[in-house]
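Listed next: structures, encoded as structure tokens.
Same chain, two partners: chain A is paired with chain B first, then with chain C.
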Partner chain A sequence: MLTVQILINGLLLGGLYACIAAGFSLVWGVLNIINILHGSFIVLGSYIAYFAYIYLGIHPFLMAPFAGLALFGLGYLLQRGIINYVVTAPVLVTLTLTFGLDLLLNNGMLQAFTADYRKVNLTHPLGNWFVGDIVVPLDRLAAMLLSLLFVLVLWWVLRTFRIGRAIVAVRMDREAAALMGVKVAQIYAVTFGIGAVMAGTAGSLLSVIFPISPLASIAYLGKAFVVCVLGGLGSIPGVIIGGFALGIIESFGALYFGSEHALTVSFVLLIVLLVVRPTGIMGRKGYE
Partner chain B sequence: MQIAHYKRVLKQGLLTLAGLVLAATLTMAQTIKIGAPLPLTGPLSPEGIKQKNGYDLWAEQANIKGINVGGKRHKVEIVYYDYQSKTPRAVQLAEKLITSDKVNFLFSPFGSGATKAASGVSEKYQIPTIAATASSEAVYNQGYKYLFGTFTPNITLTSPLAKIVKSKSLGTNRVAILARNDFFPLAIANVAKKSVADEGFDVVFFEKYAIGTLDHASALTQIRAKKPAWIFATGYVNDLILIRKQMAELGVKAPVLTMIAGPAYKEFVEATGKNAENVSSAAWWHPAVRYKGNDVFGTTENYNRLFKAKFGGIPDYTQASSSASGVILQMAIEKAGTLDTKKVRDAIAALNTETFYGPIRFGANGQVVSLKPPIFQIQNGTQIVIYPKEIKQADMKMGVK
Partner chain C sequence: MKRAFAPLLMLLGLTALVVLPLAGDNYIIRLATNMLMYSVLGLSWNFIGGYTGYPSFATSAFFGLGAYAGAISQGHGVPMVLAWGIGAVVATSFAGLLGFVLLRLRGHYFAIASLVVAEVLREVVNSATDFTGGGMGLNLPILRIDVDRLAELFYYSMLSLALITLATTVIVSRHRLGFGLRCIQQNEDAANILGVDTTLYKNFAFMLSAVFVGAAGAFYASWVNYIDPTDVFDILLSVQPIVMVLLGGPGTVFGPIIGAVAYLALEEIMLSNLLSFHSGLLGLIIVILIFFLPNGLFGLSWKRLKRWMGISSAEEAA
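Coming up: the complex of A and B.
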């Protein structure tokens, strides 16, 4: 019984992790940018959902696409206006730049919202679903399913739409894509924007589960990192599998080794994977 | 002749000028500088800002009349530095405050861990240091002479609590303890383990969680399977909000839920809403205590009133303890009648007085021994005192959902 419950906990967590990591993986895979801003984008999405709920009464689940849309504007402008100037530079340059931008955004949020932890307290929580001795928290289940839905929508967009194919094309071979008439700078900005969309929606969904504070951004960023490496870079199925893998590993790690070692277990597995399969579970270098 | 006359006039003029400058310096109040490295940004900033509020309120009150040092009135100035919630930075800044800002005295950084780390510096330079937010005995048992703390040892919180819970009929004796793997939260969890065992409880679950844990579902699921009568969780306010929320999500219930240290803050009640109901906790001070003191605040009521006027809310133990640190320093300086650090240190060690915060007397290791920490429970959204009986407002209620 305990095992089943732990498995359910892990799956619920895993879906959320997938959503946290999807945008990060896309930006890393396509632009070769390790976007340190990602964690703060998620937190900003949570704040948008929080204030929309407090002042307008809009449920964070409904707010998620709009929070994503707002973040798209910010992401697009940041890439177009700043990051694009160094986008072809070595990865360390873009990493440093996004790190600097993250300091600005994160400290800006600290100024605006303070470091106080806020929480969306739903007036009508969905409650729990009991199956014998097993508990399924329904708000978490809903957040997880919506997370997966958004990730699948992203996958669908990448596979079917013209813009999606262009993004994949740029990822596979930037020069060839440019020769085929793809406006690479435009695609970069859109991709960065989409990464921010995923962060915004994830933040909005997470606002009902985790406390909201600018200080949470680093934890989200860490999860995104691990999921990407576990699942493989820039691959949407990889993100989903990586997310579930991390959620389940953490849950069972806590059961067998104690809560304090849950993180250790996931990082040890990460190192093992980096050694034996550096492309991740689903990763194939350079391909979607 | 003429030249000699001018020389004399010049000499007299200069002398007068020098005299005037000297007189002006003497009548101008000298400033007492106190250094305070605080976590004003980063994960501990909610706590750091509370500490700053407490110090500022005291300094403002002390500066109305000034601090009496051997008949002269001195102003006080607190020099703040932000150590960004990074303990090594707190140690560096403590040293900078002493060597380059030349502060006379020091207020410790936040919490037992950083206080212990920085205490080596102030000891080295022999600067009397008051710790407003350190309770773990390991901080004071280093044999240091210049460190004094306003929190009683952790066991003074857990022991009476275990007695109260024992007096209720719970059906079972099982206790589950979940602790943040950090200096103070782990120390108090270990002490709690001892206190509950002393009362005959059976600790069926004892786990630590890593700093920065976002998901407690696995640990909480295991706790639920053990069906404990009493769940005891430690951490800082954010951890405890998260744990309380996830307990509700996972349907983890128990007759008694104790959380330290978070429920004393209004932020906890605001963030957890009705889930805060019946959560019990203990702290070193509570706005409902009623003490009469010989300090600038006079009474607890007056302190609460002044705090509300300045910050618009009810003070919690962190803020009050920080103000009390200032009060203690002021009383010791006035008693010593000098700013000599050694004499002030001796005056602090010898204090035996009443304050708005409670009676103040330090043990040989520098930790306060004269306080009786209140135990409280959140009932209808407010912190209600259930112990000690002199200030008890209600009985402890059973059951958290």
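Coming up: the complex of A and C.
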């Protein structure tokens, strides 16, 4: 019974992890940039949802697309105004730049919101669903289903829409895409914006589950890394599988090593995987 | 002219550093010791990041390991200077093992893996409470000598360490090792085909980037008398050396030192006014640095400055 319960907890977490990592993986795959800002984007999304709930009474689940939209603007502008100028530079430069931007954003949030942990306390929580001895928290279930929905919407956009096909084309071959008339700089900015959208929606959904603080951004970033490496870089199915894998591994890791070591367990796993199988479980090229 | 000018300048700088404690008060000595420590970190990172071109974020791992190795051995009665040596040895051996595993990765994957190593180490140290004091930190025995003498002692020790690191950099940059590392930075596969033992060379560079950092970590532990995991495994310790080297010019002998001085000056001037925005300030420095000084302090890109301001055509950058 305990095993089933932990498995369910892991699956509930996994759906959220897929949403956390989807934007990160997209940006990494298309722009070839490790976006250190991603964790802070997620936290910012959480804060947007938090304040919308406190002052306007809008449910965080409802707020998710709007938080995503707000972050799209931020991401688009950051990419267009700053990151785009060094997008072809070596890893060290782009990584250090997003790190610097993250320090700015994160410290700014610390100043604005303080480091206090806050939480959205829903006035009408959905409660729990009991199946025998097993407890399924319905708020978590809803958040997980919604985040999977958002990931699938991203997949659908990438597969069917003109802009999505352009993103995939740039991911596959930048020069060839440019020759086919794709405006690469524009696509880069839109992709970075979409990455921020996914972070914002994930943050909104997470705000009902996890405490909100700028200090949480590192943990989110770490999870995004691990999911990408687990599932393989640059594929939506990979992100979903990686997310579920991490959720389950973390839940069982928490059982055997204690929940305070959950992140360490996944980091150790990350290093091992990087060395043994850097292409991930689903390793495949191309953003499909 | 330049050829005669440089050694003169170096001699002048060295003399100034040696006589500094006679003139300065404790604040100046402390600042100078800090500057020298930053120089050691920058010079060390330069071996792997500057010459070899591997984006290592493992500096804080080496620093923390050195600090804890030094602190624990000092706590067990090992003399201070020997404890610094132990710090260096532990960090270097760890780098050797780590390099064997991680240096097979390239680019983003190497950067992430090296970043994560420090996080894991911090957690391990945090949970090994019996051995390391865990999150409570570790107190070191206090030396029973006069405060001013103590400051001078640490200053001259750090100066010696910095000079050793600098000398190693000079030797490496003129040796075939430095040549091989630069080849790896340019094109690793080609270097391999031309007969550079890339695995060995990379590992050597990685260990070089650890040895002095480990010693500096152990030194730092004795200097401040108290360490805890969040302090010595701080991720900023990995980022600051990179910023310094990028400021001064990567893959050069004196670049990291110039960068360390410039960075510390910036930090000291701005920090006193913006204490609670410390890391944000570092972020701002990074953004300005990468954006306007892509080739370090001596390569200010006026073109990019103008382009960004919208003075000349904007659309060419993709």
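Please note the rule applied: the second predicted complex is superposed on the first by the 268 of 288 C-alpha atoms of A that agree within 3 Å, B and C clash if a C-alpha of one lies under 4 Å from a C-alpha of the other, contacts with A are read in each partner's own complex, and residues count from 1 in each chain.
Methods note: contacts are C-beta pairs under 8 Å (C-beta built on N, C-alpha and C of every residue); 3 or more make two chains touch, one makes a residue touch a chain.
Just so you know, these numbers come straight off a predicted model, no measurement behind them.
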Partner chain in contact with A:263 - chain B first, chain C second, else both or neither: both
Partner chain(s) touched by A:140 [first = chain B, second = chain C, both, neither]: first
Touching partner for A:100 - first (chain B), second (chain C), both, neither: second
Touching partner for A:225 - first (chain B), second (chain C), both, neither: second
Touched partner set for A:185, first chain B, second chain C, both or neither: second
Chain B/chain C common contact set on chain A: 107, 110, 260-261, 263-264
Residues of chain C touching chain A in the complex: 49, 53, 55, 101-102, 104-105, 107-109, 111-113, 116-117, 119-120, 123-124, 127, 239, 242-243, 246, 276-280, 282-287, 289-291, 294, 304, 308, 315, 317-318
Interfacial residue positions of chain B with respect to chain A in the complex: 41-43, 45-46, 178, 181, 207-210, 212-219, 221-222, 224-225, 237-238, 241-242, 245, 249-251, 267, 271-273
Interface residues, chain A side, partner chain C - complex: 28, 32, 34, 82, 84-93, 95-97, 99-108, 110-111, 178, 184-185, 222, 225, 229, 260-261, 263-264, 267-268, 270-271, 274-275, 278
Residues of chain A that touch chain B when the two form their complex: 1-2, 5-6, 9-10, 12-13, 107, 110, 114-119, 121, 128, 130, 135, 137, 139-140, 209-211, 213, 215-216, 218-219, 223, 250-255, 258-264
